[in-house]
Amino acid sequence: MDDSKFWPQGVTRCKPGAFIAWMLVCLGLGGWAMLSAFLCIYKGLNQTNMNDFFAFGVWIVVDLAIIALGAGAFFTGFMTYVLRRDELKNIINAAVIIGFICYSGAILMLGIDIGQPARGWFGFWHANVHSMLTEVMFCITTYLIVLIVEFVPLVLENRQISKVPDLSFFAHNLHRIMIVFAATGTFLSFFHQGSLGGMYGVLYARPFAYRTGIVIWPWTFFLFILSAIASGPSFTTLIVMLTEKVSGRKLTSHKVKMMMGKVSAYLLSFYLVLKIADTLYWANVTLPKMGVTFGELYGGGPYGTYLVWMELGLFGVLPALLLLQRRVRESYGLLALAMVLNCCGAVMNRFVMTIQPLAIPVLPFEKFVGYLPSWQEWGISAGVIAYGLIIFSLAYRYLPIFPQEVELNKG
Amino acid sequence: MSLADRYSAGEHRFGMVIDVDKCTGCGACTVACMSENNVGVLFDETDKLRSITWMRVYQIDNGRPFPETQVAFFPRPCLHCEGSHGQHTPCVSVCPATATDYDEHTGIVSQIPTRCIGCRYCVGACPYHARYFNWFDTPWPSGLERPLNPAVAPRMRGVVEKCTFCYHRFQRAKNKAFLSGGKVEEMDYQTACTEACPSGAITFGDLRNPNHKVAQLAASPEAFRLLERLGTNNKVYYRTSREWVRRKADNYLQDEKTGQVAASQGGGH
Amino acid sequence: MNWDRRAFVKFAVGAVVGLHASPLIPKLMDDSAIWTQNWNWVPTPEDGALAFANTVNPATGTGVKVRMVTGRLKGERLIRVEGNPEHPTSKGGVLPADASALENLYFDDFRVKTPLIFNKDTGMHEAVSWDKALEVVAGKLAELYKAGQAHTVAALGTEAKTLDGELLSRFMAALGSPNLSFNVSAADTLALAGWAMAGEENLGFDLAGANYVISFGTPLLEGFGAPVAVRKAFAGWRKDFKHTGTLVQVEPLASVTASQADQWLGCKPGTEAAVALGLCQVLIQEGLYDRAAAGAVGFEDGDRGPGFKTLLAKNYSPGQVSQISGVPVETLIGVAKAFAKEPKAVAVCGPGGGGEPGRLLDFMAVLALNALKGNFGKPGGVVVRQPLGLKPLGEAINHAGGKPRLDGLGSAKRPVGVADHLSLAKAALSGNPYKVNMALVAGGNPAYSAPQAGVVRDFLRSVPFLVAITPYLDETAVMAQVVLPCGTFLESWGDSLAPYGGAVAEYGLHRPLIKAYEQVKSQGDVILALAAKLGGDVAKALPFASAEAALKTRTAGLGDLAKLAQKSYHVADKPAYGSVSFKTPSGKLEFFSMNLHNLAVKLSGEGGMGKVLKSLGVSAEGTAALMPHYEPPAALAAAGHGRLLLAAVPSLRTPKGDQPLTPYMLKVLDGETLSNKDELVVEMNPQTAASLHLAEHDRVKVTSQAGSSDAIVHLFAGAAPGMVFMPVGLGRFAIANAYTMGRGGNYNQVAEATADPLSGLPVWSLTPVAVTKA
Amino acid sequence: MTTHEQGQAKRSHADWLLFVVGFVLFSALGFWGTPALLYAEKPQPFQFSHKVHMEQVSEGCKSCHSFREDGSFTGIPSMDKCKECHSDSPQGDTPEEKIFVEQYLNKNKPVDWRVYAKQPPCVFFSHAAHTENAGLDCAKCHGDHGKSESLRPYQYNRLTGYSRDIWGWNILGLGGPPKRMKMDSCADCHRENGVRDACFVCHK
Amino acid sequence: MLPICFEWHWDVGHFVFMGLFYTALTIIGAGVVYTFMATMKDLCSGKDPHEHGHH
């Protein structure tokens, strides 16, 4: 079986056998997810280990995390098309695909996460415009449409598909006005990243999550945007680096990666300044007003203060300091390390902001309870990752997403 | 601030006063509530994290050694918060599908299960754990569906439910008033738990009506609310003469005294 | 124009657009939206006109109102059991057991719907007709009767003085068997104590009228008498945020009553009576007692020996009592003074945590305290309940005199007291003086609820022919050869008498409000049908067409039955205040009980009285033996050496005695009672647990000589050291349903019953147990 | 390329005709087929003339469809109500009355009428609020039902099980009572009349 | 979501929120429609699709 005629012009890809084997591994994970999804929909959410204390579980963490990491798409798009940083055209395709994967994966997950999936669209039809979740639902969905529009021309650029003139023209024309979509996407993405943060910030009866506001929005609104756009480019770059390692081929020049690293560095530093200020204000002003102390909130069960040091230190200040240095960015390995730490920070932040507010009881006489996801919950989470691997692998194999690949691998 | 001024304008503000020193934790309120509101029973009810009890009776103790130990009970219905500026309850503002709202007329926080999509955002938003998600389809086996109350619609799996202050009783009381041309009097609308309590620990009525007993009791300096400082501005008051019980009702810093801390800016944005 | 691909595409696009321009798609979408809101397996309760009916729940003594829907198509159904605000003592309050009574009524898995006969071949009960079932039972009875073995038929009833109890008693007497036992309760002990000291068996405590109440080890707020009525009184002491009444609780657990009390005297287990006597002594030494009490028999020293006053001074000084009970001296003195100062004060004795009758000497000690307070007949004191004036059911026919009772009641072995299931079971198991050939269990579930249920179950299992008349397929019914279905209180005729401790004469009546199952009868009707089938003297002794007719005769003095049934209760307006005319031999209050003395004399002659009293379990000597005094419970001696004392945690969240646990009640149990789906939780003092190397949530086995139960440990500082506290009402193994079956363990199975000194009643408030890690 | 274009240009008009044909055909199918597809019919147990009954009674609809003392609405009258008049002889004048007397009245079995205006179980509809408090006519929501001479077949939605009177008789699902009794209709009227629209006004 | 919905209120919240939403949808829709039109035009104009790169 030879699929080489579908490969992008002038590149080589691994043997079909190896690719099929890899796909089977991913599909295996996907099967686990399908089984889990079936159980959760057929039997209900009792299949998870969530409960009335942990109304949200690992799914929301994964959702928030992948949406944060997927922010590379809109921010890279913003820099490429709106700020006209042409170097980034070498990585924008990968960013778009990763964004598409993250957003569509998150929506799939949310579809299972709600108790009445068949009524999911009520959130649109009977929208309560005051709910941050409504904002999230509208923005994510609309932005997914944008991502699809951005993804379509990439698909149409497949060597065989692009032979059809109608489609080729279509792809080309889409590309020409990509700035419109990129700008719309930036706007939408900006809002829903913020809304996701706002979702927790408005829980004013949950001292752990509650942050005081700027005008009408809580700080988390802006912090979530910043942490997403700080980690998103890193994640995109990391995926590209990972693909390079797996395929053994150079896909983008190091300059592009360095630039992405630099973007992450500045944004992350800015984020950390605000985040630390916010944390200090929260711990010293907001919490005492509510009668609780920082130590109490970070003292229950497995949720100790080490989480703060990890989130803000190991996964925050450290990668920021690393990425700020040109020498670090020049080193492939160190750049990758710093970016991994950066992404971990985003994931950690989403975990701390979702699970921990629920885990720490607010009523003084309520007891701390633990939560560990069930295999069905892990299954769905793994399924989203598998879904991403499948889409990205297929895209890499058959679509010309790396303009520099041919040139970089000459000779 | 006077009692009525705590809440936004509206004809009624229904609320409760629960005398913790009278509650003996027998659970009559809970059972009466369940039977009135068709709350289901699951096969494993020891899993309190998934068990639905609109009116839950919390047992607390003072942690002192024998023989100074004391226990007390906090019956906890939905507290029907109002928040700082009218209708800003922790839960209503977060619902994406308008499945719950704050009735400006009565101050009651509704929950419409047929509209609910089961996102559980409200469950996460409520600090009192007064909102319950139906993790299971309620089994109504072999005859147990026969005593279901027609005034309340049974719920399906995957939706949130909670105490409604027996709103259907208000609806029925209004029906009667419409027919007779009179008004809904204090005793015409009482919740099932209030009626059931053998100790008379619960008083229910309109906080806005100074003739209602509940308004008189809630205005007492001994009355307090759960997590009052968060600014949920709810309508269920408690009362005790025991300092340790009072201290368990809210979060206090070590040097703070009860009864001296004002509600914080919560919900202020 | 060619019909080619392009043409077809245009047509198809047109078709699709056209279809969308029609209402089909939006309508389908809208309908699916509605469809997602309807889950067809969620039941839709049928609406109809609401109606209300009054009744009284005999299991709780609560006057209730039943809400029913008269559905248009499906007929009537009951939807709620609510409080009856007009009922004079329960005033609209209910208990979980009342509010969930419909689950007992309607839950098919619980219920016996038709007569059942056990088929040995299949090992199953099979439904039969009433005729057939009665024929089998009456046939067996007739067979034994003809063989002169009528006395080998035993009957286990629930309440002796109710209609059902009377019918059963008449049935057994006419049949010729003395072996009839009932559930025993604190009412029996109080009757004995009252008889011994005041010659009055019908005493009550005017809780509602009192402003100061000392409760000695009795769960005043967790199942005392009619719990709703008691808590209405309690509510009176806490009116409008003011503590107008003071409650003092004496017991070794920070129970609900102890916690809601204004003062808790955490005493050592079993020493409540010593505290009462210590308070007596303080009243005397401070000169705060009622001078009239001084005239009572046995107060001062006399010919027979030292009087009560002397004995108190000798044995129950505050220091001594503090030694015994662990309650500080100042506390004793303070409480006694407060008690004396308050004009309306009463000391209360009552059932133990596990519902046991209580110890006669303890009750006497509490009555002595009330006597010294001088509150007999006074508002807020101890009152005599006036008789209801129920009419007898006609001349009794008694053929049972010829044979001795199995349990020896009335003989020197057990001169006073009442017949209980455990004594009957123990005697029957020994086969001495004869074996039981047939047993009739009417209404109760002794295999689960009797003290030392294991023994009673063994007995019932050993009986060759067991008949159970019961609404529920419970632990007793599953062993029966024949099960006859009777109704719950909501579907049958029956009555209930004044609950324990109540201050007013009270009578409750219940009538069929609905026919939930076609074949179910009132328990009285079952007995009557059996009598009619049997014929002869038995039929003559029970000449009623129905339970309703029998009730008509019984309540003739209370007016028209139909009206009474509508109202459902007859309650005296207020307690009978006024001076009490003591019906003791002396006509006075007696600290030294002449009634007990005369009985002892009758059994022994003046000389051997000491020996007789010893054999009845009294260790005190001289006049003290027949006076209120403190005897350490037998279990105390057996404790220590790694053994703990087991006591019950009573709760209104579990049903009392014979009633099944309803799903709703199971639902309100918290983690301190039942955990991890089906594990019983026992409470222990952290120090005690530590000394046994036990930690929170450790799995343990609680073993006594009577039986054992698995449990998990919950550390609770409010538990007295050296003790282990176990919830009651769980551990149902027979009522086959996914909710309650096999949840937790049965306290009655672990608790060991011993014969109470003098009264011979089984008491099981304290049991020495070993708690070992499982 | 060029041949391709020419072909397109030549045939385009005829093609568009096909588009129109498809459109008309299928939209007609949609309009005609929707009711048939969505609704099923159940007959009423027997025929009943509101008109005839209205002529016999003095208080209009309320003569039979009355309020209970507690303010709740009886809806379909009970058998006792029927007996108030139907006990007089002679009975069984018409074949329909004969069915009623023989199969229901004599057996004291309630008639299982199918209720056209039955709302879902989550709805609390207060007749008292509308007819007594607001003084609305029954016809406002029930139309001419009270004047009808016979009962039309009961139509219900196959998917949801609801009566067609709820979703509406207008094929587009538009309009308000008496042709349609959905929540939107309630809300519209409430808004017009300034009645508050909190969920717990009409939901239970 | 639409003004015909029961939940719709003519208030600032709805104007801002839904306004932005429909603006975004309109822009996206317009972009896609424009692309379709441009493609049609390109096809008609007979350009070679592979002549121009898109970078």
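Order as written gives the chain letters A, B, C, D and E; numbering starts at 1 within each chain.
Just so we're on the same page, a residue touches a chain if its C-beta (ideal position, glycine included) is under 8 Å from a C-beta of that chain, and two chains touch if they have at least 3 such contacts.
What you are looking at is a predicted structure, and each value in this text was computed from that prediction instead of being measured.
> Which other chains touch subunit A while also touching subunit E?
Expected: no chain.
> Find me the chain with the mean Cα position closest to the mean of all the protein Cα atoms on display.
Answer by centroid distance: B.
> Of all chains present, which has the mean Cα position farthest from that of subunit B?
Greatest centre separation from subunit B goes to chain E.
> Of every pair of chains, which is linked by the largest number of C-beta contacts?
Result: the chain pair B-C has the most contacts.
> If you average the Cα atoms per chain, which one ends up farthest from subunit A?
C
> Could you give the separation in Å between the centres of subunit B and subunit D, each centre being the mean of its C-alpha atoms?
So the centroids are 38 Å from each other.
> How many angstrom lie between the CA centroids of subunit C and subunit D, rounded to a whole number?
About 56 Å, centre to centre.
> Counting only Cα atoms for the centres, state how far subunit B is from subunit E in Å.
Taking the average C-alpha coordinate of subunit B and of subunit E, the gap between them is 47 Å.
> Per the centroid of Cα atoms for each chain, what is the distance between subunit A and subunit D, given in Å?
51
> Can you tell me which residues of subunit A touch two or more of the remaining chains?
116, 119, 122, 125-128, 130, 134 - these are the residues of subunit A that touch more than one other chain.
> Residues of subunit B that contact two or more other chains, please.
Expected reply: 47, 98, 114-115, 137, 151, 153-154, 157.
> Quick check: what residues of subunit C touch more than one other chain, meaning two or more?
Where subunit C meets two or more other chains at a single residue, that happens at 32, 37-38, 44-45.
> Which chains touch which?
Inter-chain contacts occur between A-B, A-C, A-E, B-C, B-D, C-D, D-E.
> State the interface residues of subunit C toward subunit D in the complex, per the touch definition above.
The touching residues are 1-2, 6-8, 10-28, 30-32, 34-35, 37-38, 40, 44-45, 49-50, 72-73.
> So in the complex, which bits of subunit B are touching subunit A?
Listed in rising order, the residues are 47, 49-50, 58, 60, 74, 81, 83, 90, 93-99, 115-121, 123-129, 131-137, 157-160, 226-227, 229-232, 247-253, 256, 261, 264-269.
> Can you name the residues of subunit C that touch subunit B in the complex?
37-39, 41-48, 69, 77-83, 90, 92-96, 98-100, 102-103, 105-109, 111, 221-222, 227-228, 231-232, 234-235, 238, 240-241, 243, 254, 256-260, 264-266, 326, 516, 651-653, 663-672, 674-679, 685, 716-721, 737-739
> Subunit C touches which residues of subunit A in the complex?
Residues 116, 118-119, 122, 125 of subunit A touch subunit C in their complex.
> Taking the touch rule as given, give the residues of subunit D at its contact with subunit E in the complex, in rising order.
Touch residues, subunit D against subunit E: 1-2, 5, 183-184, 187, 197.
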